[in-house]
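Chain nomenclature is as follows: A, B and C, assigned in order of appearance, with residue numbering initiated at 1 for each chain independently.
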Amino acid sequence: MLGGQRMAWAAALAALVFLGGASSVLATDPTGADTLKASPDAPVNFVWVLITGFLVWFMQYGFALLGAGLIRVKNTVNYLTKSFLDFCMGSLAFWAFGFAFMFGGSGAVIGSAMANGLEAGNPFIGSSGFFLTGAAYDVTTIAYWWFQMVFAATAATIVAGAMAERTKINAYLAYSFLVTALIYPIYGHWLWGGGWLWTLPFGAGARDFAGSGVVHTVGGLTALVGAWMVGPRIGKYDPQGTPRVFKPSNLAFVVAGTFILFFGWFGFNPGSTLAATDLRISVIAVNTFLAGTTGALVAVYWGFVKNGKMDLVLACNGTLAGLVGITAPCAYVAPWASVVIGAVAALIMIWAAGFVERTLKVDDPVGAIAVHAGGGIWGVLAVGIFADGTYGGVSGLIKGQVGQMVAQLIDVGAVVAWVLVTAFVMFWLIKKTIGLRATREEELQGLDIPEHGSELYPSEEALAGTAKA
Amino acid sequence: MLGGQRMAWAAALAALVFLGGASSVLATDPTGADTLKASPDAPVNFVWVLITGFLVWFMQYGFALLGAGLIRVKNTVNYLTKSFLDFCMGSLAFWAFGFAFMFGGSGAVIGSAMANGLEAGNPFIGSSGFFLTGAAYDVTTIAYWWFQMVFAATAATIVAGAMAERTKINAYLAYSFLVTALIYPIYGHWLWGGGWLWTLPFGAGARDFAGSGVVHTVGGLTALVGAWMVGPRIGKYDPQGTPRVFKPSNLAFVVAGTFILFFGWFGFNPGSTLAATDLRISVIAVNTFLAGTTGALVAVYWGFVKNGKMDLVLACNGTLAGLVGITAPCAYVAPWASVVIGAVAALIMIWAAGFVERTLKVDDPVGAIAVHAGGGIWGVLAVGIFADGTYGGVSGLIKGQVGQMVAQLIDVGAVVAWVLVTAFVMFWLIKKTIGLRATREEELQGLDIPEHGSELYPSEEALAGTAKA
Amino acid sequence: MLGGQRMAWAAALAALVFLGGASSVLATDPTGADTLKASPDAPVNFVWVLITGFLVWFMQYGFALLGAGLIRVKNTVNYLTKSFLDFCMGSLAFWAFGFAFMFGGSGAVIGSAMANGLEAGNPFIGSSGFFLTGAAYDVTTIAYWWFQMVFAATAATIVAGAMAERTKINAYLAYSFLVTALIYPIYGHWLWGGGWLWTLPFGAGARDFAGSGVVHTVGGLTALVGAWMVGPRIGKYDPQGTPRVFKPSNLAFVVAGTFILFFGWFGFNPGSTLAATDLRISVIAVNTFLAGTTGALVAVYWGFVKNGKMDLVLACNGTLAGLVGITAPCAYVAPWASVVIGAVAALIMIWAAGFVERTLKVDDPVGAIAVHAGGGIWGVLAVGIFADGTYGGVSGLIKGQVGQMVAQLIDVGAVVAWVLVTAFVMFWLIKKTIGLRATREEELQGLDIPEHGSELYPSEEALAGTAKA
């Protein structure tokens, strides 16, 4: 088998060398010299887009820690491996296919300074820039790819938590490839690729500044379908269907993950201007901050009033819900509105968590569906309510405008329909081929040993040294 | 009770919407278009201020880890919750009141590129910009708010460690609000708000570049008052008053926290130029680095000479003391002086830790008072010694100038008097209303279960799933 | 003894004050006012160099976590202390000597915007800028120092892992000083200081954009010599010389360290343009990302095919090997080539790990030699293969040019010869003076108690409080 494996790798590498060599002559501006001449502001905009993208990428680490802390120790190595490999897999999917489907043909629609040179496309799907070769070998297009890549990776990794503790890793990696290559970019094209939602004839067209819908609702609803199809963990529901509580195994991981996600969000939202010359970035950063902090306080005091305890997990999920909620409206609203949006997002998250667990009876070990789909849909709608008309020509209900809300409602309908249908097909296909769920024995033992051959904290004997396999 | 709670939230939200809607017409430049036209350097300065502010905010995570590692496991959830919620509470206090008291009326005095449009005020307190509405809805003012907010949050969180393991969380959150709304900003106004200390007729006036005094001494002295008023932990002193050693529970957390704080300090000090067009930022970064590394080496070798051991906690606190010490003088001195300042800061921290523990008999579980007040006062004075006249017209004793040292001594007197008095009043009021200290039973059990209903690492049974409450 | 210690410190501080005072009159542009006038792009370039340098510095934390997770718990405090103090020690060595040997006399050769004012030197060693005094008290020189400092620190810390669990901390700190003052900077001068390798008459001269050779191969080969000279850990090889497996003690640390290193690499490679006006930074960032993700996937699937398990450590080391491999060619190649380079780097790392462990019988607890020397040498050669001629006038075999490969081969020969010889002399001298290896008793007990007086997680009794020593 190893021989065949080697030959496959060799063939893949040879094909890449050939493809690359053949296409590199078509590059647009691979050094940036022409771009710099045409746009003296390019350096500060590149610095902004790259560094905020680094911060967004770092959220992968936050998601890994957050989930690892919320699940049981016996599945932690499995969870960390999934969290690490999903963006690796997604990087190749988005490089090969996703980016071309999302942006090929429409150019960048946000931040004119970063507009790229891709050409062919239509309101439903893009079709150029595969493998970043040809005209896509260009400093601006590649800066743009970087920022979009880390957003795709964020959408993908949201699902890990909801399906944790019982999903096979090979099924998860297949999912990672498909969501990043197809489901995420096609819906993304409708909005950020200048597709039909972006150009709706209501208000300014549907608007989702940094992705409450494009990233978080896509991730959250995919998580809903996946968690439903893989089924609840053994023991989650008693025979009467009453849910049981599994305590988080490591609250230090949970709070660390939340801190890192919050840190990354300062890249996620302000970076989405794609240009530092758009000085609205300061308002966006502060709006993001205020929604996140308000979400934490509202959630934690809600728990205190109810149970007399200051629940740390509730504070963390309240923050995350607030951050998800402000992601779409962050550029369009004033600071006071961010406080309102964060507060409402926390309450919606709390309601949605109960709805998913008790009404839908879907087992989401980390609360990802409530945070990302609950907070995400609220965020898309909040644009239609609180946009104050100071930015991008977007005015919501508080300015007496109804049209924007119509566009936002259509957007919500579109993302719900698209994701529920395509995610169902995707997980169904994986289930019928690779299989979604680990065996009962593996699940009871924990996935770490059967799938990875390692425990998070090995026994004394394993540490003391064993004969080489 | 829940019904009343709901109505209170609803009323608060309604008030916000009303306030916001009423005031948004008065905005100055909420999109930044005019600002960009007037100042083509604005984008690079915004990028600098925002990103360095992100780094400063990330220090919250460092403080959380550092303290969690130094205290006992049974209080860790309590500590992490306080560390997470203090900046959340502080964000609303500084948004509503603190910023207006600190800067309203004086404009920014450091970094002219970031000067804001606030107007009314006097040498003792500011009075405009409440809730960031009206004229404060402006990209420059809001960028400035962001950077100042994370500094206020740093001062606030310093206290958590010194009062750890026996302070009620509701008391702590009340403190967080008051220090960020009143104590920190009013003293800050005297200096960074262009108040009476800034304009002292000695040397260039009192100078504290990034806050050895404004942030660290305020935090450290507030911690001293708080730790004294709440009293030592049970068992800290034996009947003869001899202190006992509680070993840090997790040295990995301690060193992680120190790394993250060091990382954030690269935002704290260089970012305090508030402008990237001030190229002194490179000197400031290197001065910060050298003082931190020298502090670690001096402290760890001091311990090695004394005990024959390389003490990791001493290395970490030596670094932090060096960083606190260089914070005021970082812009005014040469690299060689930073090495001296860091070395002396570490020795002062070691002396101060013993003084607090053995002479004052104040129980500070993490050494925050020694690091932040000890290192902080030294830093303010170091400006008067080592400023070499190359920057900001500030020359110290090494240039034969005595006037600057006079200003720095007055500043030290002012911060000591202001903080000891106001912190005493604040903690006394909290003690008489909410109560400061957990019960003896709660303290012996650890605060995690009684106040939060969770342990850091729950038992096997809790992880295995329990019936839903 | 303490009296002598105090006098030594006092004398050192007095000497610094004297030196500093005497030389500060010779400063070039310590405030940056002249630099800003001469180069209006300086602010964005300073922001880029400083912030990417902060990210590189943060890699120290990643290395600390990664190694701590791979070794046994009983040596963790020792490892964390080494990881923290090596860059502290290195900072003083590079400030006093290393920078002057590396760059004094040749100016910066990469990124003309950051060229500094140093003057005397030759193709083999630099000779100005000691202690950053005199002409080196200049904003540009000091920005340059910062970025180079964090690279030197990276090379130094690579060795910690390979020599872990049996090396005395004082020996390690002596090594840290010597490698940062002499071994690293002299070879670095040959290349980045414009020395004889940079000006080789083949291709464009030897090229190593961000240090696959200068940083990683130097670190990896020094690690090889050190690990060989200190000998394998007790029990690593059975009497027949067959290696035994010690399981990593904490996989959460391992994956956290890898995430943080990956994050820092976005500073390491793109920052090496030393200028944001060089828009190639976007291509460099994406090349870095793709090589890292491909390395992970290739390594983990190699393990899956061989053992049927998804090995998380293999994924992490695959990523790191990919990142090391792309470090030299990152600016010179297209994205498709980065995928190839990352894939090959992972396979070389896997082969090299076996070669070191089973053929050389050198015990490297973390795999640093395979990742950094294996990936590093491959990276230097990859420039000669995949450089596509779009950047810096560098064209490799894929463009039909052989000359560049000749230069790269000479570079590889030079780094191997230089490091093996000088590292041997250095470790031999340390062995004969301080001694390299802990005693058998210390090693069996673990180094934490004998050298540091602390455990990572102390016993219940230690936490409960003991009488003050």
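Following the convention adopted for this analysis, contacts are C-beta pairs under 8 Å (C-beta built on N, C-alpha and C of every residue); 3 or more make two chains touch, one makes a residue touch a chain.
Model, not experiment: these values are computed from the prediction.
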Turning angle required so that chain A lies on chain B, C-alpha fit (0 to 180°, nearest 5): 120
Interface residue identity across copies chain B, chain C - same or different by half: different
Averaged-CA centre spacing for the pair chain C and chain B, given as whole angstrom: 33
Chain B, residues touching no fewer than two other chains: 44, 47, 51
Contact footprint of chain B on chain A as seen in their complex: 41, 44-45, 47-48, 51, 55, 72-73, 235-236, 238, 242-252, 255-256, 258-260, 263, 266-267, 270, 276-283, 285-286, 289-290, 292-294, 296-298, 300, 302, 305-307, 309-313, 315-316, 319, 334-337, 339-340, 343-344, 347, 388, 390-391, 398
Complex contact set, residues of chain C against chain B: 1-2, 5, 9, 13, 16-17, 19-21, 24, 27, 30-33, 35-36, 42-44, 46-47, 49-51, 53-54, 57-58, 60-61, 64-65, 68, 76-77, 80-81, 83-85, 87-89, 91-92, 95, 131-133, 137, 139-140, 142-143, 145-146, 149, 169, 253, 451-458, 462-469
